[in-house]
Each structure stands twice: as structure tokens, then as C-alpha cells.
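There are structures below to look over.
Shared chain: chain A. Partners: chain B in the first complex, chain C in the second.
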Partner chain A sequence: MAAEVAAQPVNGTATGSRARWKHMDTLLSRPGAYTDEDDFAPGSVPIGNIEQSRILVIGAGGLGCEILKNLALSGFKHIDVIDMDTIDFLFREKDVGKAKASVAAEFVMKRCPGCVITPYAGKIQDKDEDYYMQFNLVICGLDSIEARRWINATLVGMVDMENPDSLKPLIDGGTEGFKGQSRVIFPTMTSCIECQLDMHAPRAAVPLCTLATIPRQPQHCIEWAHIIKWEEERKDLVLDTDDPEHITWLYQKALGRAKEFKIEGVTYSMTQGVVKNIIPAIASTNAIVAASCCNEAFKIVTSAASFLGTPGENNYMLYTGDASIYTYTFEHQKKDDCPVCGNLPKDLFVNPESTLGELVEGLAERPEAQLKKPNLRTEEKTLYYSSPASLEESTRPNLKRKISEMLADGEEFAVSDPAFEINFRFIARYA
Partner chain B sequence: MAAPAEVPPPLQGIPTAKEKKYDRQLRLWGINGQVALESTHIVLINNGPGVTGVETLKNLVLPNVGEFTIIDSAIVSEADLGVNFFLEDASLGKFRAVEAARLLEELNPGVKGHAVTELLETLITQEKALADYNLIIVAAPIDPAILAKIQAHSQQYRIPTFYLHSVGFFSSFSVYLPPTFPIVETHPDPTSTTDLRLLKPWPALSAFAKEKLKGLEEGTMAAHDKAHIPWLCLLLHYLEKWKQAHDGNVPEAFKEKTAFRDTVRAGDYNEENFDEACAAVLKSLNPPTPPSDVRDILSAPETQNLDKSSAPFWLIANAISKFYQEHGQLPLPGAVPDMKAVSADYIILQNIYKTKARQDSAEVLATVRELEKQLGRPQNFVQDAEVENFCKGAAHIHLVRGRSIQIVEAGKAIQFGDRAKAIAKELTNDESLIGLHIAFLAWDEFVATHHTSSQVAGGQGLKVPGSGTDDFEADAEKMTGIAHKIVDNLIKEAETFVEDPEYSQIKEKIAKFCTEILRAGGGELHNIASLTGGLLAQEVIKVITRQYVPIDNTCLFDGVASRTRVLRI
Partner chain C sequence: MLKIWSMKQQQQKNEAAAGPAAKKKKVTAAQLRVQKDLSELALPQTMKTVFPNPDDILNFTLHLTPDEGLYKSGSFSFTFAISQNFPHEPPKVKCQQKIYHPNIDLEGNICLNILREDWKPVLNLNAVVVGLQFLFLEPNASDPLNKEAAADLQGDRDRFKRNVRSSMQGGSVKGESFDKVVK
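Take a look at the complex of A and B:
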């Protein structure tokens, strides 16, 4: 089984001096306690596979850098890395301000001669299928759900049953504070990122009327300054959350508002945290999750031991480190109604008396959809389009209409969002 | 004309460059945790391939640990270059400790690194060899006699000490913590900690709820007001009604609670605050009984029998146990979750809780001051803030009763002592990784009883199983034999009996752990080293900051199945 689903072996043999790889080669040259002869031939095959595989790493931040280092020290020689950001906090102080992808690549290459890391400073959406087709495996170390969903849909879409090379295993890692997860996806064969979307529910947004009229928490005051006050007073200035002057302005506004309502606790640090949506992060959790991802990659490429993502087996490791150390490793089931890898439309429960506008708003928050700029249509008619502007204008009146006027109970409708190359199919179910 | 400029509120707390750099971690352990981290000097006693220890240091250098020292007499070999990120080609032939310390320092100029290259077995004989360090990490393989010396030092000076293994796809580490290691700031999940005392409201709270409900039953309340009654007040109101109809009893059983929820629901079927009230019924109507481990701390001998040397924690625990005896509940934490309400009502509600929390805390503080007097301690030996903090988190305090690290002695059976019965039970638990722990014990015993002719780090001439070119199978057999003997001794020590087929399955599982460990020949895989270094660094941070809950006391990682397991050995 393992050999079938593993990234296609490149069937190379080891070349050059292997003295520096003594530890790894010793292990790869001996049979494992959990391997059988059909899956794993000790020696030159797994070693050659490592040397010749080409790996794509998405993200060169805290997680991505660790991933690059781990891959280079696992003997991989051909690595590409994509990141669109510049450095804030990485390996060395002097690199702050440069493109993350190039600095990370350069730093790791210097320390690990023989490993070629090709950086691309840009967006994953810039690249097409031909580009992604070059890799044996993709590892994602990002904090953006949108980018994950995009690469997931792209890799699932690339699978061509006639061509085993088109199946690119996707390994994904994520962290927040003392928690994290690593998961392995064999596109179309096992549960994908879209199947698992509800595991990462977005935080519920505070209702606008609370911000505008009845704030109770310091965060409400900050959001008010951020969402309402900035628009009112500085609408011509694009908010730059990295500009201390901008944060200071918001902080002062929030502080004034808090004073008026006798709310305590607005601080500069909280303002920054709320406005930038800062996720607490520490080096150790990044190290754990990055290494777990790379360990799976190493096992997939070499077949040296069983790996997460074998169909019918565990594909997900949840990690929690705030109270003792706890991992939960399990199989997340593929969903038939997954908009990316399934073939059935998903039931969506709606109140027929509510408006289409409420449904559209809800799509951003429903854990299973998380669509912020949705376009909705049924087979016959257009319900609502968020963009382009002309269509938005012509369909806007529909937002005020009742669901019961627009969608029959049991009627199928499709939702797309320009952020993703996915068409979500839903069936309206009256509740 | 422009309106006169508003006078901006005074600015406070604009972060410094340093606060900005460490912003994302300060959000986890705060300035106190950071200060503790920055005043720590960690020593890594590095042996074997030595990658996991260095990866651990990386995760401590990045968040700005004070100082670190690497004790390692090894010379950099080519095999080191392929697995250790903190060495470069030019390091070849130089001292590994010196090179790694230099490259680690490069990550963060704020951290001072040191290297000691003296042979461990001579170094350890010096009296003050470990005197400078307040946390010790030891990597296997190591001569057990030296490890025992290190642990004796740790126990004498109460120095937290970690002992780690990382071989092939597997790793483990154990921690020695002082016999009592209390933690106040455990950072429990905020959703699980809300304590509102709805079943025992105090007069100020009841009065406020009554006022907010005026006119609801009579139907004279304005719709806007009704939609903004805080759910907490709604529940208090319906609880009063319930009690009147149920001989003064509150809903206790699950069925009663759901029936109670129906009465709340009947108050209004649409409003959001009624939704919130219904959703809160099941979790908010529990008597505020402290969890059993908190009650254990309150009744512990250290709490009850204070003496002149008792630490502040125990004085406060004693005062809180008195508070608990008197009031039947812990001091009120005082936090109120956000809920639909108009601003002014919510602020009043917050103040009602805060006032009560301050009263409770003041009562505890008064007892603490009294205790200081009785014990002849200086006044304010315990700080106000400590008491306040303790009262806020009283329901979530944690105590680790540290144990020593299990050290193998050549020619002596391994003892599990008072844990023998519990550990023997783990043998038949499919989820357990006790087999991996036993395999590492067997690995240590093998190392303790086999020698090479040449000198290696960790003790003179230690031979690691499977490290030769053609000893894989022979050593696997030997090590498995040792592991099986440990199992048999454990079963005997636990005075239990395991029957077939379970007995054979246990042995088979352990044989597999042994073979897989042997396969690596003592080598480290970088991924496993890095992952283990992450786990270990995180535990170090928890121990240093005394925040969050550390492991008790052994963590095992299985990189084949991708899972961890913590055992109390």
C-alpha cells in the first residue's frame, strides 16, 4: 500500500560522498521493524529518492524556515520556496526587511552545501499547474487559511487518474500559541483541507450595532476605532497596520471611547493584537509542527516507515502543549459533499423568513463555508454577485428579499468566491 | 475653520523595540515570564550525536533565554555536518561545543553562549562544576554513574533537570522537578473557567438582577430593555422562580436542567439574550466545587503544617483553605464573560463581580498577614499581588510532586517503586508508549554494560547498540533480551500476572521498539531531533516561567505513528 500512494519514486541511486549522511543512511540501509520487503528496499532506492525528489515549501515565516532547514538536513537537494512577505522575525536580526523566501533560502543553503533552494517572492496564485506539476510533494507552513484552500483546490484539480505523477501529496502545518497540527493529504484519495475546514472555525465577529452603540469590552472600542472611526475621519488614508502612527491613532480613539463608556483595559498592545489579528507564536511550537511535517515527508519519500495519510489510516495529528503534552492522531474522513474533492452538494439550513442578505452575511462565518465575497446563483437565476460592481448593483435589491422568494426548499444553488477556484454546491433546506 | 484639536489622552504602554520583537510570545507568558526566562542560565550536557539538545537551545535562544552553556568534548565529524544545523563545513575538526555555541549566539545577539570542552568524567569530579546553572539538560548516551552524580546535584540544589534520548524515529525525555513544584498561573482555557456563582448569588448581585427584571413578568417592560437584559440576570430571575416552585431547590440533575432551560426559553423565543441564557444553562449551574487536585493541595501537609521555611505559595494556600472551610467555596475569580447588554449595565455587573472578588481576596490577604505574624516572618513576605493572583486562579492551581529520573545501574534490576502497579497496567494499554520507555531503559542498560576501545562523549568508551557496521542483528537480540527482562521484573515488582496472548503481544511490541531503535545505530534523524527539541524547550519554558502545566514526568514520542504519550514513572 505504502509504495502505491507514496510520491512517485524517482528511482535514482545515491551519488557522491555520503559521509555527512551517516546517521540517515544507516537507518535507510537497514530494514525497519514496521516495514515489509514489498514496501521498502533498504539502501540506494530510498536514499536516491531523497536526493532526487523536488519539494515545494509554501511560506518562509517561522514555520517555513524550520521546514527548509529540516528538509535540507534530511538530505533533500531540490527545494523551492514561495513567500510574498518581507522578514519581521526570523533567524538573524540583520535580515529584517528583506524578502523572506530569498533570505531563508540563502541562509539554509549556506549552512547545507549541496542543497539547492530556489526562492520565489510572490503569491502562490501567480503560478499555474505546470509549475506545481514539477514537484513530488508540497509542504505548507502558512497562517493564511485562504492560501491553504487555494493550493488544496489546485492540487486536487490537478489529479489525473491516467497519470500517477499528477498526484502531489500535500502536507500542512499550522500553529497557534502552544497548539498546532500537522496533516497529510493525498488529493482525491484522502480527506482534504476543504473537508476539514470546520476544524478551523473563524472567530465570531462582533455585531456592528454592539460596536456602534453598546460597547462592553476593550476590544469593542478598538474595533470601533478600526472599523467605524477610521472610515469617518481618515477615509483617504489606507490603514497600514505596521505603521506605528496609525496604530497610535486607533489606540487613542479606542482609549477615548473606552473612557466614555467606563471600560477598562485598552492597551497599545491589545490594539495592535486586535487590528493585526496577531496570533501568539513561539519558536518551540513552530519547531514541533514543522518537524512533524518534514518527518512525514521523509517517510513518504523513502517508505522507511508508515506515514500519515495512507488511505484508511490516520492523517491528522493535533498537538496541545499548554497543559502537559498531548497529541491526538486520527483519521479525518473524506466528505462526499466536500466542494473540492466530493461530488455531492452540501445541505445548508436556512430560515425561509430571513433575507438573502442574511444568508450572504452568514456565509462568511459558517465554519464550513467561510466565504467573504460570495457570488450566488441557481441554475436559472442569479441571486447575488459581490463583484463586479455592475452586477453587484443590479443584484443588490435581492438582498432585501426573503429566502422563500428566492430559493425553494431543496433547491440547489452554487456559490463561488473570487478568492478560490472552487464552486460550492449547496442545497437550501428550510429550517 | 477646523475645530480646536482634541487633547489626546496620555499615551501609555507604547512598546519598546524589544517588546515588539518578542510581542508574539509576550502574549503567552507576559513580562514576568520573560524576566524569568532572561535570568536563566541553562546548561546542556551533550553526548552522542547531540542534535536534539542543540535544537532545544535554539528554541530558547530565539525567545531570549539569559545564558546557555554547552558541555561537550566531542570534535566535529563529517557525520555531524549532515544532521546538526549549528555547525558548518569550517567547523570540521573543531570542538563541537564551541562551534554550536557560536552559531547559536548568531541567532540572537542578546544571548550569551559558553562552551566547556573538558571531558565530562573529569569535569564532574570538580566540586562547583554545575554551580552556575539553574536548569540542566542531559543527552543520552551517558555513563549512568555520571548521570547519578548530576542528579544528586540537582536534588541537593533543587535544579530542574531533563534527561533525553533521541534515536532514529523515536525519542523520550524525563524531567526531575523539586519534590513540590506549585504553579499558580496555569492559563486554563477561558471558556472552562467562568465561575459566576449563580446558585449562590450574594445580595448585591441579586438586587441588580431584580432591578433589571422589573416589569418582565407583568409585560410592562419595553422591548428594547427586554432584549438587553444580561443573560446572567435572566438566569438568576428564572432560578428564583424555579426555587419557589421546587421547595427552594435549584435544578441539579441533567433532566431538571433541561426542564429549567425550557422555562427560560418560554420567556422569549427569538431574542439573542434569551438564546445566550439557554446556551449557558448546562455549564453555569454547577456548584463551584473545586477540582479534586485543588482540594488535595488545600489539604496537603505542606499547606496545613506551615513552618518558618514555608514558601509564599503555602501560606496563601493555607489562607485559602481557611476561606474555603468558612465559606464552602473558593474566592471569587471576578471575571464576567461578554454578553448582550447595554454598556452601562455590563459595567455595573462587572463591578459587582470585581467588588466581591476584591472582598474575598482582602479576606485571604488578612489571613496571610496573620500567618506571617504567627510564623515570625517579616510583614509583606508574601506580596499583595501574589495573593490577588492566587485568588483569581484558585480553582486552577496545580502542584507537581517531582520525582527523580530513573537511572539504570549495571547489574541491578530496574525498580519502578510505588509506580510499579500503575506502570504494569500501562503494559496492557494499547495507547500507551510504555514499551518505548522500556526499550530506552534497555538501551541505557546496554550502554552501561558495553564498551568500545576509543573514547566518546558522555563517558569513556560507551558503546551504543547497533553502531557498528555488522552488529545490527546481534545487538538487537541482546537489547530485546534486556528489555524483556525489564518487563518480567516490572510484572513481578507489581505483584501482578499477565497471561498470554497479551504477554506475548507485549513482548512482541517491545521487540519492535528495540529493533527500530537499533536500526538507527545510535544516530539521530534531524526531524525527530528538531521535534523533540521543540517539546523539550517548551517544557523548559513552562518550568522556568512557572506558567502553564509541565509534564509529569516522562514524554515519549513515536515518529513512526506520529504521536506522543506522557507517563508518570
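Take a look at the complex of A and C:
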């Protein structure tokens, strides 16, 4: 929200000197009651860390913009921001249609000279590990669970014992109306996004039969138009929630439905809200959560005070502002059976000239595995499935094929077996 | 951060060494979970799966031929479309035939609580399959998606039964024609 950035008082002026950072420098130049003697060397080290660290912010919406502003005002100088969306509201009129990431970057850079923010308007999935390796820390201000899971799995997969820089702390902020959370993850060391998947509130859903037979609220009429009527009348058209014609069509249908059941309150913007699952953002919830995320980033980078996410300690702060005010900080424990961090991929040396069948037999013989009915796949291909029967039949011919045809050198594959709670993951290494 | 890395090294010493990360695409969390669910899928004689593209386990069809109940001997198929948000989100399941059923509308939408409002990430594909099977053994009038069929079932079970049989033969019920699902 660029408008909020404008409202923020700017302390001091950028003169190129450290004048602007006088108070921060003081803070970082002396030990405090809670600084860790082993990890904190007051003075140039933490100050240099702030100036030199490269931070990646994912999301440039209500939360992301707030995070960018806080980071810039905390003295961070090298920030990248990714967002795939273009602006349709919340920013300024003249910016409608432009990429959120670019507008946010430009605005914050103008307000905080000396801070370089590099925007990328696109998906996080467009970027590879080499890209993410450049950063010291990643902060998410996202509304998508899918994107969180993706970046989480990517950062977990990047951890390489040969290289301390490969461990990228992940700070995740999230808000929904008056509620929010901030959490810190040290990939592979502490509970990850996937371990915490059940912490996300499920999307409130109304039974389909209520929508179909006895709608009671305007939202029910909109959901009916969205889920039932569209399929009935515009089956061959893929619904594009950003297309005003599509939203108008749903709005008209919902309005007709509401009239029939004498329900009032269906509006165009409510239709947009229900269909796109827009949860009204509360600016101050975003501000609180963003502040917490940026404080953690500051502490992790400088070691100036203990931070959320230290292994064995608290890693999750939840905040509720709707029933008075309440916060609770706790340790969400790592799950041993987490599909992402519970069983990290292990190297498996394979002879590219041998067959997939031999590999499967080998897995059955491995003492830690002893898989009886394994299912194996890569991201792209189903290698061999013992069950269900139809997949067994269609993948059986693969057993006779050479490893080199099925698995590339360095490619990850996952193995599941009904006898084991967890999935095994291996990286094929040609030997 | 220095301290965190030394903790990581300590942690690593306690575990077996892992090699450098894979460069290629990783199996996604949703794929991992579906693969696990499929390995645990216990299908009775009356059901089988078909994967149009065996490499894509997120999209498949489930065939169901009940061997008892009102829908006995009908062949019904359901498309399963699973998103990368699984298991946070339930699979999208639709019936491919136009059938006369109180909990399934003419477009194939299904009113089954665990497919929508009662879905939880701890549920698996087996639970969905059992739920579908149950709908065909015990259609229920209290969650109507096809109002006529529900009223029929509630009003006169024998008439409902006759209407189900004739619809399954490809006949019409109250002016609406249905797909033939019996041989």
C-alpha cells in the first residue's frame, strides 16, 4: 500500500553519511542485557550486515509493501521484491495496470534514498535455486498457501552442508482481517511451512446443497452463480476472475437468485470479493505483522537480540485483534513425517545402464527401506507404481527400461510405501 | 546466524550425511501426498481407477459399479482433479454421467460434506472414495442437490426406486432424460 508509505514520517535526511542511522548505530555498537556474547560483536559487523545483506521480499500487496518500507527504514540497502500481480486497487489511481512489484519498489526507493530495490514482476516458480541462493534471508508477505509451500520446499532443498550460505532463514507473515501471524523457519532445522500446514484456517465453505436449495445470505447466491450456474451455462469458458465481463455475468445471476429468495445485499464488489476469495485487509494488522517480521529479520541479520525460530525455542507468533487483543508465541514442533523436511533426499548411486526393475528390487533389499509395494515418481514422470492396479499395469513396462531413460543424473525421485508413514526421497547419482 | 550454522553442523553430525541438493525439479508436496494416498488406496471389487496420463497422478477417473443398493449394477465414473494446494484443499470430484440422485445435480456436482465444508488435510483419498461409495448405498434426502429426486426419496421410497431404475436405463424422470448407465 503505497499510500501508507507516504503517511510514514521520515526521520532525518539522507545525506550519504550515517547521520540518518545514528540511533540504530548506537543500538548496534554496544552489547545489551540480552545480546549473545558469542554471536554479537558490537559495531561494524552488525552494521555491515544490515548494509550488505540481500533480502528477498515475496509479495508486494498490503503486507509486502509494509515490509519493504520497514526494511528500507531499518537501513537495509539491497532488497528484491517479487509479485506476479498488477495493480487493480489499493495503490494510486495512476498506477492501475502496472506491476505491483515495480510500483512498490519505485515508491520506497524514492522515499529512502540509498536503498536499492529490484522488482521482479512474475511468479516465484520462474526462478531457480541459483536465484534464491543470492539472498541472505527471505520474507514472505503472501496470500497464497501454494506459493508458501513452494518457496518452503525450495529453501529446504537448497540446504547444503558444504555451504553455510545455503541456509536461508524464511520469515513468513500472514494476515486475515484482524488476525495474523509471523513465524521464522530455519529450513531443515526447525518446523517448516509444510509441518505447519494445518495451522492455516480452512476456507469457510457452505454445503453445496445449501447453495443449491436454500440460500440464506447474499454470499450464498454468489457462490451458487460461481460454482453451479457458470458450469451449467458457460461450461466451455474458463472463468477468469480478473475479467470484468465474467464478474458482471456472475453478479447478474447472483442478483436474480437473491431476488427469487428475497435476499438483499448482493453487490458487484461483493461478487468480486467472494469469487476471488478476497479477505478484507486491515491496514493496522498488516502493520503489526510486518513490523514483527522485520524485527525478526533485523535481529537475525545482526544477532543484536534473540530471535524467533532458534532451534528448540519459540518460532511462531500469533496475533488476534478481533476479540480485544491477544498474542501468543510458541514453538511449533518439527514433524518427523513432514513430506518436505521430515525425510530429506538422500543420494542413491545408480548404474544408468541397469534397469528400473533392478532399482526397485534394490530398494526392497535396502535395510532401512525393505519396501514391499513401492510407488516411485519424479516431478515429471510416474516411474513405477505397485498400486492402484491401473497404474501398475501402465507403468510395468518401465521396469524393463534403462535408468538412463527414466532418471537424469541428479534428478530427485520420491518413493512411498504403505508400510511407511513417510515418503523417501532420493537423488539419483550416476555411478 | 553464525550460531545457527554451528547448530546446523551439530545437528548434521547426529544424522547421516546428505549430499548436495538436486538441481532438477523436485517432486511437489502435493504429488508426494497423492502418491502416498494412492499407495494406501484400498479399492473394493466395485471400484477401479483410470489414469488418462499415467505421469499425471493429480488427474484421474474413478469407476464405481455398486453391487448392492438402489444403484446396483450401474456404471458411474468420477473425475478427480487435485490441485497443488492438496491436502489444504480437497480434490475436485465430479460425476461424469447425468444421473438421478438426490445428492448429485444434473451437472455432476456432488454434495458430500468431506468434499467441501468438512474437508480436513488429515483426510485422504480413501476417505473420499468411501464417501462416494456411501452416497450410492445410502442416498440421503436431507442434503438435496437435486431437489426433485430428494423430494421423491422422502415422499415415496418405492417410487424413487422405480425412477432410479428407469433413469439408469436411460429413461426420463419428470421430463428430464438421463444417461444410460447399465449394460
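By our rule, the second predicted complex is superposed on the first by the 276 of 431 C-alpha atoms of A that agree within 3 Å, B and C clash if a C-alpha of one lies under 4 Å from a C-alpha of the other, contacts with A are read in each partner's own complex, and residues count from 1 in each chain.
Heads up, the rule we're going with is that a contact is a pair of C-beta atoms (placed from the backbone, for glycine too) under 8 Å apart; a residue touches a chain by one contact, two chains touch by 3 or more.
All values reported here derive from a predicted model rather than from experimental measurement.
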Partner chain(s) touched by A:324 [first = chain B, second = chain C, both, neither]: first
Touching partner for A:429 - first (chain B), second (chain C), both, neither: second
Which superposed partner A:64 touches (first chain B, second chain C, both, neither): neither
Partner chain in contact with A:287 - chain B first, chain C second, else both or neither: first
Touched partner set for A:340, first chain B, second chain C, both or neither: second
Partner chain(s) touched by A:261 [first = chain B, second = chain C, both, neither]: first
Contact residues of chain A, present in both the chain B and the chain C interface: none
Parts of chain A lying in touch with chain B, wherever the complex brings them together: 19-24, 26-27, 30-34, 66, 69-70, 73-75, 89, 91-93, 110-113, 177-178, 182, 210, 214-217, 244, 248, 251-252, 255-256, 259, 261-263, 267-269, 272-273, 278-288, 290-292, 294-296, 298-299, 305-308, 314, 317, 319, 321-327, 329
Touching residues (chain side chain C, partner chain A) in the complex: 1-5, 7-9, 11-12, 16-29, 31-33, 35-36, 38-41, 43, 48-51, 54-55, 57, 83-85, 87-89, 103, 105, 107, 109-111, 113, 116-117, 119-122, 143-145, 147
Of chain A, residues touching chain C in the complex: 36, 38-39, 129, 145-146, 149-150, 153-154, 157-162, 164, 166-167, 169, 186, 188-189, 194, 197-198, 200, 202-209, 212-213, 227-228, 231-232, 300-301, 303, 310-311, 339-340, 344-347, 373-375, 377-382, 385-391, 394-395, 408, 410-414, 416-418, 423, 425, 427, 429
In the complex, chain B residues that touch chain A: 6, 8-9, 11-15, 19, 21, 23-28, 49, 55, 58-59, 62-63, 78-79, 81-85, 88-89, 106-109, 168-169, 186-188, 228, 338-344, 346-347, 472, 511-513, 515-516, 519-521, 523-531, 533-535, 537-539, 541, 548-552, 555, 559-564, 566
